[in-house]
Amino acid sequence: MNMVQAINNALEIKLREDPTVVLYGEDAGFEGGVFRVTEGLQEKFGEQRVFDSPLAESGIVGTAVGMAIAGLRPIVELQFCGFVYPAFNQIISHAARIHNRSRGKFKTPMVIRFPYGGGINALEHHSESMEAMFGHIPGLKVIIPSTPHDAKGMLIAAIESDDTVMFMEPKRIYRAIKQEVSEEKYSIPIGKAKVLTAGDDITVVAYGAMIREVQKAMVMAKSKNISVELIDLRSIYPIDKETIIKSVQKTGRLMIVTEEPKSFGVAAEITAIANEEAFLYLEAPVKRVAGFDTIVPLPATEHFYLITPEKIFYELEKTVKF
Amino acid sequence: MFKEFNPAEDKILRVIDNEGQLINKKWMPQLADEQIQKAYNDMLFARVADTMAVSYQRQGRMFTYPPNLGQEAISGALGNIMTEEDWLVPAFRELGAWLAKGATLKDIFLYFKGNEEGNAFRNVKKLLPMAVPIASQLLHAVGIGYAIKLRNEKDIVYTVVGDGGTSEGDFHEALNFAAVWKVPVIFVVQNNQFAISVPFSKQTASVNVAVKSLAYGMPGIKVDGNDYFAMYSALDYSRNYASEGKGPVLIEALTYRKGAHTTSDDPTKYRTKEEEDFWGLTDPLTRLNKFLKAKKLITDTEEQTLIEQYKKEVDRSFEEAENYPPTVLDDVFKYTYVDIPEDLKIQQMEHEKFLKWKEAQK
Amino acid sequence: MFKEFNPAEDKILRVIDNEGQLINKKWMPQLADEQIQKAYNDMLFARVADTMAVSYQRQGRMFTYPPNLGQEAISGALGNIMTEEDWLVPAFRELGAWLAKGATLKDIFLYFKGNEEGNAFRNVKKLLPMAVPIASQLLHAVGIGYAIKLRNEKDIVYTVVGDGGTSEGDFHEALNFAAVWKVPVIFVVQNNQFAISVPFSKQTASVNVAVKSLAYGMPGIKVDGNDYFAMYSALDYSRNYASEGKGPVLIEALTYRKGAHTTSDDPTKYRTKEEEDFWGLTDPLTRLNKFLKAKKLITDTEEQTLIEQYKKEVDRSFEEAENYPPTVLDDVFKYTYVDIPEDLKIQQMEHEKFLKWKEAQK
Amino acid sequence: MNMVQAINNALEIKLREDPTVVLYGEDAGFEGGVFRVTEGLQEKFGEQRVFDSPLAESGIVGTAVGMAIAGLRPIVELQFCGFVYPAFNQIISHAARIHNRSRGKFKTPMVIRFPYGGGINALEHHSESMEAMFGHIPGLKVIIPSTPHDAKGMLIAAIESDDTVMFMEPKRIYRAIKQEVSEEKYSIPIGKAKVLTAGDDITVVAYGAMIREVQKAMVMAKSKNISVELIDLRSIYPIDKETIIKSVQKTGRLMIVTEEPKSFGVAAEITAIANEEAFLYLEAPVKRVAGFDTIVPLPATEHFYLITPEKIFYELEKTVKF
């Protein structure tokens, strides 16, 4: 399966086994979504459970909050990360807070899914990576898969979570990676990072579409005898400090690769964590390889903005040599 | 009813006049005397509690509080219409409706004394906590309506918002979703003429609020919100409409916020005595009182006795709230997540360490 | 006009029928033959350019492009109504209107070839770049209208949005602010029946879009958007209304998106051949062509010659766009701020260092 | 003057000297705002230039974008930081981007003012500190004054800036600090931090209402012979790396005090900067003293959440002793 199929499969499993699960969004019903992630689900589960909504993101998230309060488990699709902003008030003021506000009387078991990230030659607002903003909001959980296998297991965990989960889909690799994925139900716990490759010289933390880019850079690194320990963060919040710290204690060096704007991003948080918990182990400054603090350019210029394996290797080598 | 009171022609449903005289027999609800008396008593209780809340706040025993003075008929009617199975999705100025839904005054006071525990209304099933971001709660009502419809249940969702709230995008999205999905939601706009200091005329250029229903293809009706019978009648008709699966209704309840916006506000800055006097004549309790007196269902002495009794009850509830155990650190951390992240537990533990250290310094 | 075509009764302004026959003399605009011919030619040019844009995209020479096929009368009329002093605040599917406002095809192609320089429309003063977040641009139009009013200027602001866009909160807020502030803004809703795959019936339960004007106390009118004369007439009337200081107007232009949503979309998935055929009969160019033919103002050969000429022109513009110099790193950094922060300059310098290193690796 | 008066004074000066300046928001006109910050301005400059808007934050910011495009310099007031969310789409997608999108043809010289922060016994949503989210958005500048003097000069600079500026007002000290403030016009450049107190043992970076709390902690520190260098950050973005780094190079220790939720906050960014630019100078882990990753509690519980001088001192001492 590719990631689109794996997500579709996870949605199907949960829609089948749990009658409280509903799924909706702009074009998410009849057509199956602009990326065809929900294709076929309306046919299988009917218009009452899988449906199109009017074009209004605050409306989509706000109604989902209500459904969740009333005992459903809504999954909503927002069309692109750049179109989540109209829903911010509902996300921050309600989806993230009803449980706290009602002192546990009501909860909001809901999933807000949306594709994010650059590299697909898209229009303006279609390439954003805003995970740090969500990570900063008390009450939200924020997760990002990097493989079809993880996408399925993490989405199932998200749907089963009693907290609101932002499930961000790295659309650049929606169809780029194929993998054996079991048709059975399984879930991958929220909040656990995964060491993808063990190594000695430096720890690299990345997630989503950046994993593949780091892996390409690792081929170059290998030829220079640099041994990289690669961690797939998977969960932006809660963040798996333990896995990161353990690795940094071993390698003494840390680099973070993210496609978000650099300032005030996830990479800064991870740097702060390493600093707080592994200060005495750090042999070089933690390196942030991230997007520029600019708007993601349109396709003709985006190649300057995208983080390439060369760029990763370039910074990797410098950090290892520090 | 919706045709008769076409909001595009700015018609308004009114059943009794300012003197408590019946002026519209057709829409006078069929209520037993005891029902009317009970409604009056509920409204009176709400007014007593509200007035006392303001004075507790003045005494520094409560934080900011939004007075309900003058808006009692709306929640009074709501209270008599809602059943236990119905949902109430309130804003923040709904004292009477909370009470009607079964919330305790103790909880309400607790909340305005700055303890979120009061907002849980633990003893009431289908009552949402108060929502502060204006108009945002309307979408929750629509989502609840969707769940009801999906499960083929019979509940109705009542949700309330102010005139200022009609300007927010969420008002629009909520009404639009509700009408497209045909969910059993009754939107009540408490048009109390002001959003803090901003008068209705600066809020919108439409002839009234009810006409906004046309934008969504749902019925809308403007009602004298200071007329208990008119409110009851409109809610009753709307409830039947919604429960027949015909979809949502928008009710504009014309009223006046006689008090301040909140206890931190001074309305004399932005409105005149004449205006206040004009609206004073429409007071919902006075009107219903006159109606009851004409029917010899209440006397001044009876009312006085009631008020004294209510005052004691309110004071008792306030005491309960005052004697509520103080909050602890755990209250900060316990509810941000259902499944609490490890890191948050560590933040709590570290703060406990600090508190111990601080204690030790003394 | 606004009274005659009451949107609450779902009236529609139509001047010629599908056969190009005059059916409403009263509202037939007083246009000289040459004006009508010019309008037709503009629409034809837009159609040729649009069709060719789709095929450039198919050839992989352009990125995603949103076709305008079937919606030419709206922008054709807009183009003839707008003056140089007027503002145009477009969404993203406004090829004809951009061209009418003076934008070059080269710039438009450049933009859809992924270069933001094309979106600047440097040669046109009061044309905003295309806005992608649905309905958000409407508020900008209102703000511009406010500036015009404050400065006692005479400009009119035209702004365009789709039927899907009417569901967004910003649509509501924009119309409400515009009416309260009484600004000279004309809102044109291109109701092309679809928001990507979602049909109008799932977008709203209101009888039409125009009736939504009642929610704001502004006039609204539903117009056959595939009828050039009806569109011209409605825009002309609205412009006069707005320029007399009476405030904003909402025009619903009923049309049909004959093409795909964008070049990445396949409309056969969500609509039927019958539906497409039905709307095919209302094609704006065919209708105007029939009208012109009946008046002997155009022949098939003339039209063919025009098309050939336009094709060459379009190809020339496309070539210009293709020959436009490639972008440089500076294009990423130059415009995020007017006053560029030091740190951003350092990010750029460091990336330059990396690019040099990379170059050296080869 | 207190800070309310200083801000009012700055607004008055700019309204007087620049006819393109307009000022509006909910209750900001006739009444002069819920905190009376704009009091008297409508009387002085008329209803056309100082006015109330309908209750709709996206509308307020979105219309300001249009005004700015058309050549005005709008200043908008949002009532509380917790009510900025409905305007996020207009802020992020437009106010921060029109200049970039139009390649410099249009700009958006506008100021978005709003009170933020806790400590005033407020209702839910009235105590938030979301500066990190704004700092993360390319195209925005974000500044926060800590004194009446700074508030005036920084606001004048913000109004004169050709970029969109988020001007966040620490409402807890709106009236708490009185100072001599010149009636004359002056401005304080955006992006420059200020060393408030020179010291040797540790650098503390703070801003807004936290400055006063740190100063109280410094009294305790002094009694323990700890010498603190206090920096008022003033500008969240652009961030004044130079001033921070120079100080850390001198003291070797850094603590950041912010009232925002800790994770993914401003404190993380500053930690990352120190790590990147002063790694070899750091003698102890950079310490973040910030709010919990929870929702700010209501008044009865807020004292647990608020950062107190004791807490600052407690962490200060630990960091110095590290």
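Note that the chains take the letters A, B, C and D in the order they are written out, and that residue 1 is the start of every chain.
As a working rule, contacts are C-beta pairs under 8 Å (C-beta built on N, C-alpha and C of every residue); 3 or more make two chains touch, one makes a residue touch a chain.
From a predicted model like this one, the values you see are computed outputs, not experimental measurements.
> Quickly list, by label, the chains bordering both chain B and chain D.
Under the touch definition, chain B and chain D have A, C as mutual neighbours.
> By mean C-alpha coordinates, which chain is most distant from chain A?
B
> Taking each chain's centre as its mean C-alpha position, how far apart are chain A and chain B in Å?
Distance between chain centres, rounded to whole Å: 40 Å.
> What whole-Å value do you get for the distance between chain A and chain D if each is reduced to the mean of its CA atoms?
Averaging C-alpha atoms per chain gives centres 30 Å apart.
> For chain B versus chain C, what separation do you get between their C-alpha means, in angstrom?
Centres of chain B and chain C (C-alpha means) sit 44 Å apart.
> Just how far, in Å, is the C-alpha centre of chain C from the one of chain A?
Result: the chain centres lie 36 Å from each other.
> Got the chain A residues that touch at least 2 other chains?
54, 56, 58-59, 82, 85-86, 89, 93, 100-101, 124-125, 138-139, 237, 239, 263, 292-295
> Among the residues of chain C, which are close enough to touch at least two other chains?
Residues 116, 133, 167-170, 173, 176, 180, 202-204, 336, 341, 343-344 of chain C each touch two or more of the other chains.
> Touch graph of the chains shown: is it line, ring, star, complete or other?
Basically all the chains touch each other, so complete.
> Using the touch definition from the top, list the residues of chain A that touch chain D in their complex.
58, 82, 85-86, 88-89, 92-93, 96-97, 100-101, 124-125, 130, 132-133, 135-139, 237, 239, 260-261, 263-269, 271-272, 275-277, 279, 282, 284-288, 292-295
> What residues of chain D sit close enough to touch chain B in their complex?
Of all residues in chain D, those touching chain B are 26-27, 30-31, 34, 52, 54-56, 58-59, 82-83, 85-86, 121-126, 262-263, 292-295, 297-302, 304-305, 310-311, 314.
> Quick check: in the complex, which residue numbers of chain B touch chain C?
8, 167-173, 176, 179-180, 182, 202-207, 211-212, 214-218, 247
> For the complex, which residues does chain D have touching chain C?
Chain D residues touching chain C: 22, 48-49, 53-54, 56, 58-59, 61-72, 74, 86, 89-90, 93-94, 98-107, 138-139, 141, 161-163, 191, 237-239, 241.
> In the complex of these two chains, what residues of chain B are touching chain A?
Chain B residues touching chain A: 87, 89, 116-117, 119-122, 128-129, 131, 133, 136, 138-148, 150, 169-170, 173-174, 176-177, 180, 334-339, 341-344.
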